[in-house]
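Scroll down for the structure; my scribbles are underneath it.
Labels A, B, C and D are assigned to the chains in the order they are written; within every chain, residues are numbered from 1.
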Amino acid sequence: MQQPKLKALFLNCTLKKSPGVSHTQRLIDFVSKEMEPLNVETETVRIIDFNIPFSIHTHAKDEPKDDWPKIHKKIIKADIIIICSPIWFGTRASVTQLTLERMSGMYDERDKNTGQYPLYNKVGACLVTGNEDGAHDVISNTLFNLTHIGCTIPPNADSYWVGEAGPGPSFGDDDAGYENLFVNRTAKYLAYNTAQLARVLKKSPLDLNLDEIDREVDEHIGNRTKHIRS
Amino acid sequence: MQQPKLKALFLNCTLKKSPGVSHTQRLIDFVSKEMEPLNVETETVRIIDFNIPFSIHTHAKDEPKDDWPKIHKKIIKADIIIICSPIWFGTRASVTQLTLERMSGMYDERDKNTGQYPLYNKVGACLVTGNEDGAHDVISNTLFNLTHIGCTIPPNADSYWVGEAGPGPSFGDDDAGYENLFVNRTAKYLAYNTAQLARVLKKSPLDLNLDEIDREVDEHIGNRTKHIRS
Amino acid sequence: MQQPKLKALFLNCTLKKSPGVSHTQRLIDFVSKEMEPLNVETETVRIIDFNIPFSIHTHAKDEPKDDWPKIHKKIIKADIIIICSPIWFGTRASVTQLTLERMSGMYDERDKNTGQYPLYNKVGACLVTGNEDGAHDVISNTLFNLTHIGCTIPPNADSYWVGEAGPGPSFGDDDAGYENLFVNRTAKYLAYNTAQLARVLKKSPLDLNLDEIDREVDEHIGNRTKHIRS
Amino acid sequence: MQQPKLKALFLNCTLKKSPGVSHTQRLIDFVSKEMEPLNVETETVRIIDFNIPFSIHTHAKDEPKDDWPKIHKKIIKADIIIICSPIWFGTRASVTQLTLERMSGMYDERDKNTGQYPLYNKVGACLVTGNEDGAHDVISNTLFNLTHIGCTIPPNADSYWVGEAGPGPSFGDDDAGYENLFVNRTAKYLAYNTAQLARVLKKSPLDLNLDEIDREVDEHIGNRTKHIRS
């Protein structure tokens, strides 16, 4: 029996507008091919092709043209969210950081009944490409950010390719990386684990009531404060 | 009906041997109190009190006295593993890094049937204390490392306290932090989410067969290589 | 006798356009006041007020309106360059990353005679504000990036303010931080050291010839390769 | 005319005791060869061969056998200090972190007359080896730490080698890295710039009086506090 269909959303944070070549897109294509046989429908949003003002809110204040709310909707509908970043100057690209800043607007969008952040019971993952060094730093920051707005992270939830120290080819240039053992394995691990965990969480969702905890804490600190200070 | 009992293991990576005051232990005590009502049995190992040689293996080569295997056993038996680190010079403590280096020996201990790393279907989390700045860097690196050896990370799986910029009191000195809204909330979020996710994974474990994938990739790259190069 | 006049350029990487309140600007004002008595002329560029397309080049390809070259000129004329960043989601702001990506275009602008990168013999520094945690990570990445395009970094070349763990006031809100011992000291250390080092390097510039070294290396590797491979 | 002799101290933070092969030592040897023609005397201390207890002080409390003070003396006598680290689990090795924790004891050893930290007017640099990814993170944290205890960092003060994504050879295994263009260039840049800057600072030392500033700040905050609060 086939598993229920899932949606995976890749956010491609390349600095290059379409139709420019995006090495990150190459890795996305590489990984999506592994997801489709698992009955996961994939979609990619290339952030730079949209008009996304700098902001830390879902709706950018005083910005007449803001495409973010459209992307926000897609994120909310997805079961698996995969942030896909190039490395620039050793860290995650500005477009990746912009994307996460806009996603941090979700801190203000807690569920009415449970207070859960909007990505609770969704699964997060990360892809990185660069011509050299920096992938671990990008992934660790990015996965951590995703957990703060609700994502659960399965094991081996990252796949990346970087070359040897110093300038050199990027992913897919002259086939660079396509035969790399590590990227081939991790692409498959990621696809399988994100899909399975997303299905597990659909069946058995985390039911933490953050609002209740917050109220409890407010009360406790209020009391405790009184006790200590009087 | 009560939930089945779980084991949570806190690895306290303070630099100070017992019975010295460990601020990190104070946060551990703070968080464990939230876990016990959830039918989670907690245990803390203070790494510095043991003889742990530098090594990246489970058994340190040529070291006559190595206590790590004992700790390794405890990790394997736990359902929830919580790395607890002070911040020194803005990053995770040497003892934390040593602990993770020893844990990286688990890369060589894949399950005989599935090839899974030993922490698959266990849940990871992180606690951090410092007198100032550095918690995000410690947590992001640490949670990421845990996913690589098999842990799943629930949302809001970290709790930390740091003070204002510059030297100052550490957690619990003159009650510093005990009434902090953020640490009180995150301690409870972490306790609930790690326990619930551990139970979910016990019931519905991730069943990825890494060995099978590795064989598939080896074969594919072999074939592909031949095709390209001949 | 008064020291020769120097120019310090602060690049304010806030996400908020003028005339919105920028907490980072408050710290810039705080630090500039310390520089002026040292005969350092200060100027601030608020990056977000300009039209700066995403790019890793000094001149963004296919972008009809690109204000970066104007800012690039100011950087080239300055003696001291100070990257000033807010923290968002624990790391440096997207505008900071964008600024550094544009500055990385300088890799292609080596001096005709020496091959030096354009910021050789200039001094770099970093300011950071946030309501909590993340300053060390922002500063370390940023100062490191500056050394790669030529800056020299004096001791105590950073000043930052962040509050206690969790949400809270930002720098200058209800006077937060203005009386913090650490930020007051580091503002003065930074001002003095950047000015003095800039004067030292004006008198005794680093004269490394990178082009010569590159030619030497090319030849050596060529020879060595032949030796090894034949 | 030959330049005055300088001393460069390499702190090798490998996890492997002598006579085990240290890939980091290979890079040290590679870089020292570039320093000697510049009249720089080099010395390497392999930290793991000594008995260095965990501590954040120059003299570890209650530790009968502590070799750190000997190494501390060597650091104080050097003109150039080069932290040399392997990468483990994507970040700097535990021995590197331990070394920096011990060096942080220098915060308490300010000059009697100027209050300067002990590494003022010394030059810092960093070498990194790993089989893959992580060098930027190690270097940025390490150079930043060095500036806090007084070092000045010249441009291009780092040299590293890492291989392509995933497990693979380390520096020097089967000649890996020895012919890499980037490591060959950066080794020479680092050697030249650290030596020249050390000579510049010997002739024109930074003369910041930190004690004076601290007194000024204490007084100012006292006054300001009174003004605001009364």
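The rule is short, and it goes like this: contacts are C-beta pairs under 8 Å (C-beta built on N, C-alpha and C of every residue); 3 or more make two chains touch, one makes a residue touch a chain.
Quantities reported herein were computed from a predicted structural model and do not represent experimental measurements.
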Common contacts of subunit A and subunit B?
C, D
Contacts shared by subunit B with subunit C include exactly A, D
Based on CA centres, what chain would you say lies at the far end from subunit C?
B
Subunit A-subunit C separation of Cα centroids, rounded to whole Å
29
When the centre of a chain is set as the mean of its C-alpha atoms, what distance in Å lies between subunit C and subunit D?
22
Counting only Cα atoms for the centres, state how far subunit A is from subunit D in Å.
36
For subunit C, which residues are shared contacts with two or more other chains?
90-91, 136, 140-141, 144, 148, 181
Would you mind writing out the residues of subunit D in touch with subunit A in their complex?
90-91, 132-137, 140, 160-167, 177, 180-183
Over in the complex, which subunit A residues touch subunit B? Could you list them?
117, 119-120, 136, 139-141, 143-144, 147-158, 175, 178-179, 181, 184-185, 188-189, 192-193, 196-197, 200-201, 203-204, 206-208, 210, 213-214, 216-218, 220-221, 224-225, 228
Under the touch definition given earlier, write down the residues of subunit C that touch subunit A in their complex.
15, 48, 54-56, 88-95, 97-98, 100-101, 104, 141, 144-145, 148
